[in-house]
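Going by the order they are written in, the chains are A, B and C; count residues from 1 in each one.
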Amino acid sequence: MSMYNYGFLDENTKRELRRKTLKAVAIPGYQVPFGSREMPVARGWGTGGLQVTLSLIGLGDVLKVIDQGSDDSVNACNLRDLISETSEVDTTTDTLEATVIQTRHRIPEEKMTDEQILVFQVPTPEILRTVEPSEQESRRMHAERDYSRLWVHLYEDIVEWKEIRISYDYPVLVNGHYICDPSPIPRFDVPKLHQAETLFLFGAGREKRIYAIPPHTDVIPLQFEDYPFNVESYESGCEKCGSTHTYLEESFDSNTGERYLYCSDTSYCGKQQLKGQHQPVEIGVGWNG
Amino acid sequence: MDNRVSIRNVSKIYGKGCDSCIELTGPEHGRNRCPKCGTIVACADIGFDVYPGEVLGIVGESGSGKSTLVKTLYFDEAPTTGEFYLQDFEEGLSNVYGLSSLQKRYIRNHLMGMVYQNPHLGLRLDYSAGGNIAEKLLMADWNHVGDIRERAKELLTKTEIPIERMDDKPKYFSGGMQQRVQISKALANNPPLLLLDEVTTGLDVSVQASVLDLIRQIGRELGISMIVVSHDFSVIRMLTNRTIVMKNGRIVEQGLTDQIMEDPQHAYTQLLINSLI
Amino acid sequence: MTPHLHIENLTKTFTLHQFDGKQIVGCTDINLDLEHGEFIGITGKSGAGKSTILKCIYRTYIPTSGSMMYHSDTHGLIDLAKAEERDILEIRQKEIGYVSQFLRVLPRVTALDCVVEVLVEIGTEKAAAVAEARAILSHFQLSESLWESYPNTFSGGEKLRLNLARAMVKRPKFLLLDEPTASLDQGSKASVRDMIIELKRGGTSMIGIFHDLEFMESVVDKEFNMRNGIMVGGYA
């Protein structure tokens, strides 16, 4: 890989990315524009997260890449290969071993520490886009904390459906000022962002925005006193490992039509299965402690 | 200070402006456009007071600057010059034109209500009637859906909108009902000042009468101060205690409404009154 | 004790800008003292300037010159010719009633509500206001079947009775009457007279314009005659 610069990106680009990332960390939840580069994957396939990861990864880091909780999806594999080959870092599927985790739409089940960074791939960073088409107006609304229209949107949901129907991209108030999009993670993962030890970085390549939730920051999902925020719950546990405290995905047996629930975090599920077989395995604590 | 609103020296100029703009425009020249530089002087030298519970009328023909003036009062437009004091904001000691946009938004949400001629400007026609009212309440940090809906019901009842239409979208409402929803929304946070810009223009006569009646009732029961902008003297006569007459962006006369109607002093006001059918 | 109203050299001229500033004289050099609780009647032909005086006092007209010192309960001694508009509005609301031959009412407001709102404006409780309004409407013999209908459809006499009810219901300290008996039958005139006598007993000062000299003489303390905007004679 000697024909590429270390970490694929040229040094000037990395410097810009780091500067913008620092700014994002300094202003929690604020979307910092950056000059998103052409990457060897199409925009919309994780180029934002990829650029953020490449700008901060270095020798000695251990990388994990997940796509909807899975280490084995084609997209996760390709991104992992690209990063590890251009930056010569080791990779892992174990959340506890990783120093940098790039993710699409999930936060791992095991609680991350202040030694780790979680990089999110973000398709649509602007939470106000559903209620305001104009970028200029959205920026004004953020600056003035003029979020009443977003609130009305939630109110209208309740009027029509008796509940807030948003299941992902759930709006959160960060550090008491900006409302931001935590990327399309399920509601299940939203509480993990609140007062975490880990640095969360968000990269949106197509929309050219970076934002951050630093460690120990208040992250509060929007809710009403009489319609509090809630997370998904399931009537049974994971079909494979039996867990009842994880985020589960549905799948159907195409022959029998039967419905099964499996852990979305495949690495965690694997560990749980080993534990079930009384094999030696180290499993981290959950985010609730 | 016991006047609720004080306006001093307000002007709004569109264009680069020159030294002669003010001098060469106004009612005595019969124009708004500066002949030297082409700048439009929408209004200039505007000053007046509104007292608690008083209804002030602003009357004038199209292009007199009355709508521009009321837009600067609601911060929809920034004035070129001028001062604006509100008794309910820091005891009327701060010129609210000079505040940050955050503070202005606070004033818009808590201390003022606005009803526009065109419901598209005052309402989100795609949200429910209740949602429109909720927006104002949410801006004032209401956070309980049940409470919000109670308040919305109360307001819609006051403005004679059937409660069962609360969750319908105003885009399916008649013009008169849309104005009623606008009024409910404007009143949501019990503002001490209500601005009404040509609210009955374009409505059927019977609907017009009922909307005006509603406005009068609100004024009487809530003791709200109002500024009513209209080109229609019958609206002005029905609603207001005092009236300002505007032409070419200036005030040509102000006085008690019955005095303006029966003993107009300025040539232009006399012309207007003599033209009434 | 100073008079309730002391008018000195009151002159009103109208300038018609559309007719090259042509001047029309309303009244000239009017001097008049109205004592507390007194009733002054003004007579004269149409166009003699009688209404002009009343409208100047009420400030519907802006006096051209002269002064009108009024003894107000809330504002003390005040010149109505120069008083601030807001003070005029307050004095009108609380102290001065004006009854004209014409009824200016809003569409879609019932006769009863017309009277009720006058009371509500000065702070009377709604229920009490309704009771008082009903009482005064029956006093002026406005048929109960009309109470819940719109005054626009009323006959001249009915409108006038409603007007009287509106003006008198708040028991004003000072009442201006512009032809209060025009187009009334004998029975209604009697009830107007009763009300006037009752108000006088309660201390209300009044100035009235009359065509009906017989009626006027039965209620006034003093009378003045006007011709061409000038007061030509007074009789005690």
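Simple rule for what comes next: contacts are C-beta pairs under 8 Å (C-beta built on N, C-alpha and C of every residue); 3 or more make two chains touch, one makes a residue touch a chain.
Values in this document were obtained by computation on a predicted structure and should not be read as measured data.
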Chain touch graph shape: choose line, ring, star, complete or other and state it. line
Could you name the chain whose CA centroid falls nearest to the centroid of all protein CA atoms? B
If you average the Cα atoms of chain B and of chain C to get two centres, how far apart are those centres in Å? 33
Using mean CA coordinates as chain centres, what's the gap between chain A and chain C in Å? 78
Please work out the Cα centroid separation of chain A and chain B, and write it as a whole number of Å. 48
Residue ranges of chain B touching chain C (in the complex, touch as defined): 51, 54, 209-210, 212-213, 216, 220-221, 237-238, 241-242, 255-256, 258-259, 262-263, 265-267, 270-271, 274
Taking the touch rule as given, give the residues of chain B at its contact with chain A in the complex, in rising order. 101-102, 105, 124, 127-128, 130-132, 134-136, 138-139, 143-146, 148, 167
Write out the stretch or stretches of chain C touching chain B in their complex. 14-18, 55, 59-62, 85-86, 88-89, 104, 106-109, 117, 120-121
Quick one: which bits of chain A touch chain B in the complex? Just the residue numbers, please. 140, 144-146, 148-149, 151-152, 155-156, 158-160, 224-227
